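Both of the next two complexes hold subunit A, though its partner changes from subunit B to subunit C.
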Partner chain A sequence: MKRHLNTLFVTLEGAYLRKDGAAVEIRHEGETKLRVPLHNLEGIACFGWDIGASAALMAACSEAGVAFSFHNPHGKFLAATRGFTSGNILLRREQYRRADDEACAVAIAANMLAAKLANSRQVLMRTARDHGGSSPARATALGQAADSLAVRAGLLGRATTLDSLRGIEGDAAATYFGVFPHLLVNHDPGVFITGRSRRPPLDPVNALLSFLYSLLMHDCRSALEGCGLDPQCGFLHRDRPGRPSLALDLMEEFRAFLSDRVALTLINRRQITAGDFRREESGAVLLKEDSRKEVLVAWQERKQVEITHPFLDEKVTIGLLPHLQARLLARHLRGDLDAYPAFLAK
Partner chain B sequence: MYPEDQLIPISALQHWLYCPRQCALIHLEQAWSENRFTAEGRAMHARAHEGPDESRAGVRITRGLPVRSLRLGISGQCDVVEFHTGGRILPVEYKRGKPKSHRADEVQLCAQALCLEEMQGTAIPGGCLYYGERRRRTEVNFDAELRDLVASTVQAVHACFAGGITPLAEYEARRCDACSLIGICQPQSLRFRRGAAAWFDQRLRASLLSSGDLP
Partner chain C sequence: MYVLVTYDVNTSTPAGKARLRRTAKACLDYGQRVQNSVFECKVDPAQFVAMRGRLLEIIDPATDSLRFYHLGSNWQHRVEHHGADPGYDVEGPLVI
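Entry: the complex of A and B
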């Protein structure tokens, strides 16, 4: 069993990572800052423009199945290392065949999106239940949005084309982000959201969400690579060179359950406030460097939480979910399962 | 006669006899995961292959000898082969544990011997398994029954690899719980084998009716 281990996040500009025996050593300005045994890690993610690593370390990570990736300081994925262990060609070929067959692609993508909508709905319902009593307007808005997501989740199962799936999903996303302000309770008024904006994020909540989605992307991508699936060949997201479409597909089930909930917890507990963001002249809003560390800690803590996997009926940590779902997807592609059982939080 | 690029590894025979799905996961799907048993086994084989060939009175000992049979379509490595003066050839295979109830170890050893027979053009009537836990050799007689078992296993593995289809899992606690691949195989998930679609629909409906009890 793959165990859920820690991801090492490196945010120190000017750091150099090298292999030291069976450990990774982080050097900075001629000093050793940290040494961690590789077998304690499942990933290394670097966030910065001036962070380097030795070829020996990258090779050792590939060999040991430790995902090694470079991101810009705000979490945007830049590059990842890859070794010679190229996984299973039979599985990948089947993946390409299914992606080329619209009916097969729709069947997989519909379950992923249904899970996304159901999991998003659970987040709305939870806030409606916990904080709706004090605000009838909030309770009404969240309840209506939740009903609308439920209806759309039902429509997904009857859709026969990818375009119709995308249409339903687009409407659902607009509904969900439309009521997102109602999910912010007890928050610093300087931390707000005005619709979904990504390139670049135009308000603090979007800046925080974008950063958390990039962490989720790192995990989904390495989960897929670990199972021998091609992260670039998606079912819902179509091929575009350089875009990890299947990782984007797999993320859908987890966005609300993992990333959004970490964001909401940080904001609602005022662990993240307006002072943690910087506004650029263009209007882009970015999370400050020191604040990113707070987010990374919360992310790691969330991943340690144990739940019972709904399909496998086993106790697992939340951090393992992308790996388990990637395996189930591979099992479906190889014919063991008659459908892809996407992750349903409840 | 098989061409060289269609030879299957002798180790696959042993995996197949333990569990056909394990064999396909390792060789078709290139999955691998270590547990204590596999790590110890690997360390032991590394030791068995280490060191130079030796010559003692009346016997030359080789380690890590590569062998193949084009007739059966298999190839692999012998841990140790003793070449005795007078022409007797004795293959010896090192195992970390103790003798087992199934015949996987004997099949592996006999398959090596069949390769050696083809390459050397001589008959090899028997070999030895050395078990690490009891630290002694067990003699194995390559009788017609064992040779037939090797041949039928080889055929089954060739057929599986040619078809490219991984057999479905049958969960069996004694076997599966000791297998390092259990996390990749997920044998218990296959209780829904033909019912993942039904499971998902039912669970989705339940989720869409429930009200926010998230873990």
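Entry: the complex of A and C
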């Protein structure tokens, strides 16, 4: 059984990561900042333009199964290292075959989206339950949105083409983000959201969400690679050069449950306030450097929470979920499971 | 599980000095140095066996000593630190 291990985040510009024995050593301006044995890590994520790493370290990481990725300071994925292609070619061929067969792809994608809608609905209902009493308008809006998500989830089962799935998903996302302001309670008024915007995010909440989604992306991508699947060949997301479509597919189940909830907690507890963001001339809103650390800490803590996996019925940490789901997907592709059991939050 | 490794290596001979260096290097591969010749290692049972085997090959039982303290998985309650260089929590958030 694979265990959930720690991820090392490096945000210090000018840092250099090198291999020292069987450990990674982070050096900055001639002094050692930290030294961690590789066997304690499952990933290293660097956020900055001026962070370097030695070839020996990258090789050791791919050997030890430690995902290594570089991001820009705002979390956008830039590059990842990979060693020799690993995994099972038979599994990967089966993945391509299923992705080419629309009926198979629809079956997998519909399950993923059903889980996405159910998990988004959970987030809405949770706030309606905890904070609906003080504001009837909020309770009504959230209740209606939750009902509408439930109706759309019902439509997924009847969809026969990927395009109709994408249509349902788009409508559901519009509903969800339409009521997102109601999820912000007791927050700093400077932290607001006006619809979902990305590339660039145009308001503080979107800036925070984008950053958290890119963290989730790192985890999903490495989980898929770790299970021998090709993260670029997706079922719901179309092929595009360089786009990790399958990782985007896998993310759908976790967006609300993992990223959105971390964002909401940070905002509603006022751990993140308007002062944590800065606005660029282009209109883009970005997280400040010190604030990113706070987000990373919250993210890491959330990943260490233990839950019972609804399908496997085992106690697992939330951080291990992407890996477990990738493994279940591989089992479905191999024919060991009749359908892909997407992750449903309780 | 969490294991505390401590050692005393006799360095009166050049061979002893070499053993000390090799012992320290082996420990560094598995955990963090919290004091001179004291290491805290988070290892699974297989990794512990590998570490122990490697260290036992290095030391000379006639002159050196090696001790393992098993702190289990609830080690946080069993460790207290005072003073300089508190080290890092290998299970806590690692953000540099």
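Just so we're on the same page, the second predicted complex is superposed on the first by the 345 of 346 C-alpha atoms of A that agree within 3 Å, B and C clash if a C-alpha of one lies under 4 Å from a C-alpha of the other, contacts with A are read in each partner's own complex, and residues count from 1 in each chain.
Methods note: contacts are C-beta pairs under 8 Å (C-beta built on N, C-alpha and C of every residue); 3 or more make two chains touch, one makes a residue touch a chain.
Keep in mind that this is a model prediction, so the values were computed, not measured.
In the superposition on chain A, A:125 makes contact with subunit B only, not with subunit C.
In the superposition on chain A, A:168 makes contact with neither subunit B nor subunit C.
In the superposition on chain A, A:34 contacts subunit C only, with no contact to subunit B.
In the superposition on chain A, contact of A:112 is made with neither subunit B nor subunit C. Once the two complexes are overlaid on the shared chain, A:184 sits clear of subunit B and of subunit C alike. Look at A:22: by the touch rule set out above, it reaches subunit C but stays clear of subunit B. Once the two structures are superposed, subunit B and subunit C can be ranked by residues of subunit A touched, with B on top. In the superposed pair of complexes, A:301 makes contact with subunit C only, with no contact to subunit B.
If you check the complex, the residues on subunit A that touch subunit C are 3, 6-12, 15, 20-23, 26, 33-37, 39-40, 293, 296-297, 300-301, 304.
Note for the complex: subunit C touches subunit A at residues 25, 28-32, 41-44, 47, 88, 90-96. Those residues of subunit B that touch subunit A in the complex are listed here as 28-31, 33, 164-166, 168-169, 182-184, 186, 188-190, 192-197, 199-201, 203-204, 207-208, 210-215. In the complex of the two chains, the subunit A residues touching subunit B come out as 1-2, 85, 87-88, 90-91, 111, 114-115, 118, 121-130, 150, 153-154, 157, 228, 257, 261, 305, 307, 310-314, 327-328, 331-332, 334-342, 344-346.
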